[in-house]
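The structure appears below as structure tokens.
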Amino acid sequence: MNIQSCVEVRNEWDIVKARQSGRNIAKELGFGTVDQARITTAISELARNIYLYAGSGEVAIERVENGGKLGLKIEASDSGPGIKDIRKVMEDGFTTSGGLGAGLPGVKRLMDEFTIDSKENEGTIITSIKWLR
Amino acid sequence: MNIQSCVEVRNEWDIVKARQSGRNIAKELGFGTVDQARITTAISELARNIYLYAGSGEVAIERVENGGKLGLKIEASDSGPGIKDIRKVMEDGFTTSGGLGAGLPGVKRLMDEFTIDSKENEGTIITSIKWLR
Amino acid sequence: MDDRDLQYQKYKSILENYLQEQSEQTLYKGQQFSRKMIEQKISPEEAVSLHVSVLEELFPDIPQRLKNSYDFLLEMMIGYGFAYREHQSLRSRQQQLESEIEIAANMQQTLLAGDKPDVKGLDIGAISKPAQKMSGDYYHFVQDENNCMSVAIADVIGKGIPAALCMSMIKYTMDSAPEQRMQPGAVLENLNRVVEQNVDPNMFITMFYGLYDPRVHSFYYAGAGHEPGFFYDAEKDEFEELYTKGLVLGVSKKTSYQEYQRVLYGNDMVIMLSDGVTECRSSSGFIERDEIVAMIRKYIHLSAQEIVDEVYRELERLQEFELRDDFTLVILRREV
Amino acid sequence: MDDRDLQYQKYKSILENYLQEQSEQTLYKGQQFSRKMIEQKISPEEAVSLHVSVLEELFPDIPQRLKNSYDFLLEMMIGYGFAYREHQSLRSRQQQLESEIEIAANMQQTLLAGDKPDVKGLDIGAISKPAQKMSGDYYHFVQDENNCMSVAIADVIGKGIPAALCMSMIKYTMDSAPEQRMQPGAVLENLNRVVEQNVDPNMFITMFYGLYDPRVHSFYYAGAGHEPGFFYDAEKDEFEELYTKGLVLGVSKKTSYQEYQRVLYGNDMVIMLSDGVTECRSSSGFIERDEIVAMIRKYIHLSAQEIVDEVYRELERLQEFELRDDFTLVILRREV
């Protein structure tokens, strides 16, 4: 079995598309309702970031396995302006204040694994995994 | 109309009694469900503080009026050890951490008005009002 | 049975109980249960999900449409879950910051606070309370071999950590020029130079510096834009303002500070303070300087230390235990 | 219609919509709605109450028992409301603290950081990054009239605000003894005395101090318990450890520090660092000193500044952008 999907993000509709396929895959993999909602929210935030800050990019969702553990992996990538100061972006405290959504620290806390790679003027790749318990 | 009640607090049962009469009075005064629950919680916390830290004391609840505004006033008093450093007790941040409940800053935020008067070895009086909107 | 099952069973039993009798007792239990959930860092979306799954067991024939509404509520709560988790993380960052500030504040105390000296014939009271953990107010007593005692009170414009960093500079500078201690004007002139050179142009320091010579019962003093103190004339039973002329430290490269002198007779008092005392703001507006005088008068039969303690206590309560500025009050009284 | 009614209507319409078609689109809208509620500081118990009242309108014949269950849920959410409101209040306190620390950190920068000097024949690279806003690491260059350049690197054991307060003392002390600058051993001995006297006994400072004389291409140095640097011998293409013998500052009243000397030939490098560089911890364990050397070698064809920047960049990523300690790396290279 190899469940996967890849959604191009160019507008708000695509955010919904990405959410939908993320939720479907999460359900198929056996995540409970709360985790489905969390994964969907994480995807939503990442897709929204792409839409708002990079203009376009893609969100790939796939099933992963590691030593018998099953999980869902999100990979959000764009060739936008990149993140200048990653430490700053990952800092806590002000993300939910302006109604700007969860921000990256929020997404990190929703999921189990989270890595970010970004270079100015080249783009950003964020990879995040939630393991099935 | 002069609604009021006064509950002596010596054990956990009395906390429930104080809650109950607070909720009844709040309902009679016309507070909505959420505010009823908030007022009850504030009473609960104050009564619990008496029970835990002063041993015994009383919680008086009454209807107040001020310039046409109607409100519910809680007065929690004891002759316990008193609060040594009121500024410290009113400091934020750690009250919900140990499961110690809302603490006084939490109660203050639940209500509209809040004053505290305490002297070491003499006791504490806390007065708090919620206005009907 | 694992924790989750236990929780589920517990919640179910409380909820069933409530559905049977709707007693306050059960609601109280429910609230204690939710307190425990928060303690265990269970986020609000999980709490709602727990409620919903218990509900579905207790009401097996809830219509599908109603069930769907629960899913929607859950989705709504995810946002609150964000805020909740951020709260956890903020709190731990906060705890770390607070403990750092605690350590730094202790360093500051060790560094700055001089003990109240024991001067024959002089009753001294001093209190200094930071609005936050670290103070931008400063007071310091130094006693020399002739029993002369100097007293300095300073206030950095600004509060908290930056003010505290600035304060430590004052301390190093004053320590490095012990020979000037007898001339209040010269002390301020020297400090002005250092502050002007080293401190950010929009950070200012006000200061009052005095010296009491018990051999001649005289108090010599000078001030740099600092909140005026009071002089209490015991014979006339009157308070006067302790006016000083002189620019705030750090504004201009070269400034001179005029030196003043007062002789103290029995029960006369010199009262020095920072603007945190006079600019206390209560719910009914600013406290007037007159009111401070009235408070001091009220406690005038007490010792100098008791006076400052009581005034602080009263003003603290007036401000509902939230100081808006660092608070420093020092009283010297010539004993009879 | 007031805000509350509007909100009610909006929520009702989204929820109705969802009950009709259960689309992802509607859930997305729901989430954006909840985001707005959070923005408007609507607490979770109010959110649940909103949900319940809409529900009661949409399902007029919900049995009473089920209705009671909603009351119970509401009661449960009050506890989360506490946490939520505390979050609001913590955040504003946090913002204030952060902005204070920001100002203090800028003061620290102005106070501490010397510009990288322009020394003929010497290629200099320097980077220093605090783990938090304020640094307990320190580096400083001073160039004298003979073109000799001294370089100091220090690390306060401890981080954050207390370490920063301590750091400013080092700075004042070094400024007050400019005449010693040429003798690395004497500089450290003097500092040791001051630190021993003034600093809390459980606060220590490690330091490396060096002086480069371009007239004889020699580097003179001494160290006080500081993380050893490296010497790169370009001819042999080898890195050696820059060992120094000497106690940490502040431990013992009188300590002496041995002075060392190295001659730099073309492309030779002196590499100085704080333990924040070598004690980087990645998910796979501590970084070895060898790995640091390997990284420097990887970028050796670049300028000194580019080397330190790239090494920092790489180690930052290895640590997932969370520095556990202040990071300072300085490279001097004799140009050919």
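Things worth noting here:
Letters are used for the chains, namely A, B, C and D, taken in the order the chains are written, and counting of residues starts over at 1 for each.
One rule holds for everything that comes next: a contact is a pair of C-beta atoms (placed from the backbone, for glycine too) under 8 Å apart; a residue touches a chain by one contact, two chains touch by 3 or more.
Here is each chain with its UniProt name: A, B = Serine/threonine protein kinase; C, D = Phosphoserine phosphatase.
This is a predicted model, so every value here is computed, not measured.
Note on connectivity: the fewest chain-to-chain touch steps from subunit A to subunit B number 2. Work out the mean CA point of subunit A and of subunit D (Phosphoserine phosphatase), and you get 27 Å between them.
In terms of their C-alpha centroids, the spacing between subunit A and subunit C (Phosphoserine phosphatase) amounts to 44 Å.
Shared contact sites, meaning residues of subunit C (Phosphoserine phosphatase) that touch two or more other chains, fall at 27, 31, 35, 38, 71, 75, 78-79, 82-83, 86, 90-91, 93-94.
Touching two or more other chains at once are residues 41, 93, 96 of subunit B. The touch graph of the protein chains shown belongs to none of the named shapes.
Chain pairs that touch one another: A-C, A-D, B-C, B-D, C-D. Taken together, the subunit B residues at the contact with subunit D (Phosphoserine phosphatase) in this complex read 32-34, 37-38, 41, 92-93, 95-96, 102, 105-106, 109-110. If you check the complex, the residues on subunit C (Phosphoserine phosphatase) that touch subunit D (Phosphoserine phosphatase) are 15, 18-19, 22, 27, 30-31, 33-35, 37-38, 44, 47-48, 51, 55, 58-59, 62, 65-66, 68-69, 71-73, 75-80, 82-84, 86-87, 90-91, 93-94, 96-97, 100-101, 103-104, 107-108, 110-111, 159-162, 164-166, 168-169, 172, 176, 198, 200.
For subunit A in complex with subunit D (Phosphoserine phosphatase), the touching residues are 15-16, 19-20, 23, 40-41, 44, 86-87, 90, 93-94, 96-99, 101, 115-117. Put simply, subunit D (Phosphoserine phosphatase) touches subunit A in their complex at residues 24-25, 27-28, 31, 35-36, 38-39, 91, 94-95, 98, 316-317, 320-323.
Only residues 45-46, 49, 71, 74-75, 78-79, 81-83, 85-86, 89-90, 93 of subunit C (Phosphoserine phosphatase) touch subunit A when the two sit together in their complex.
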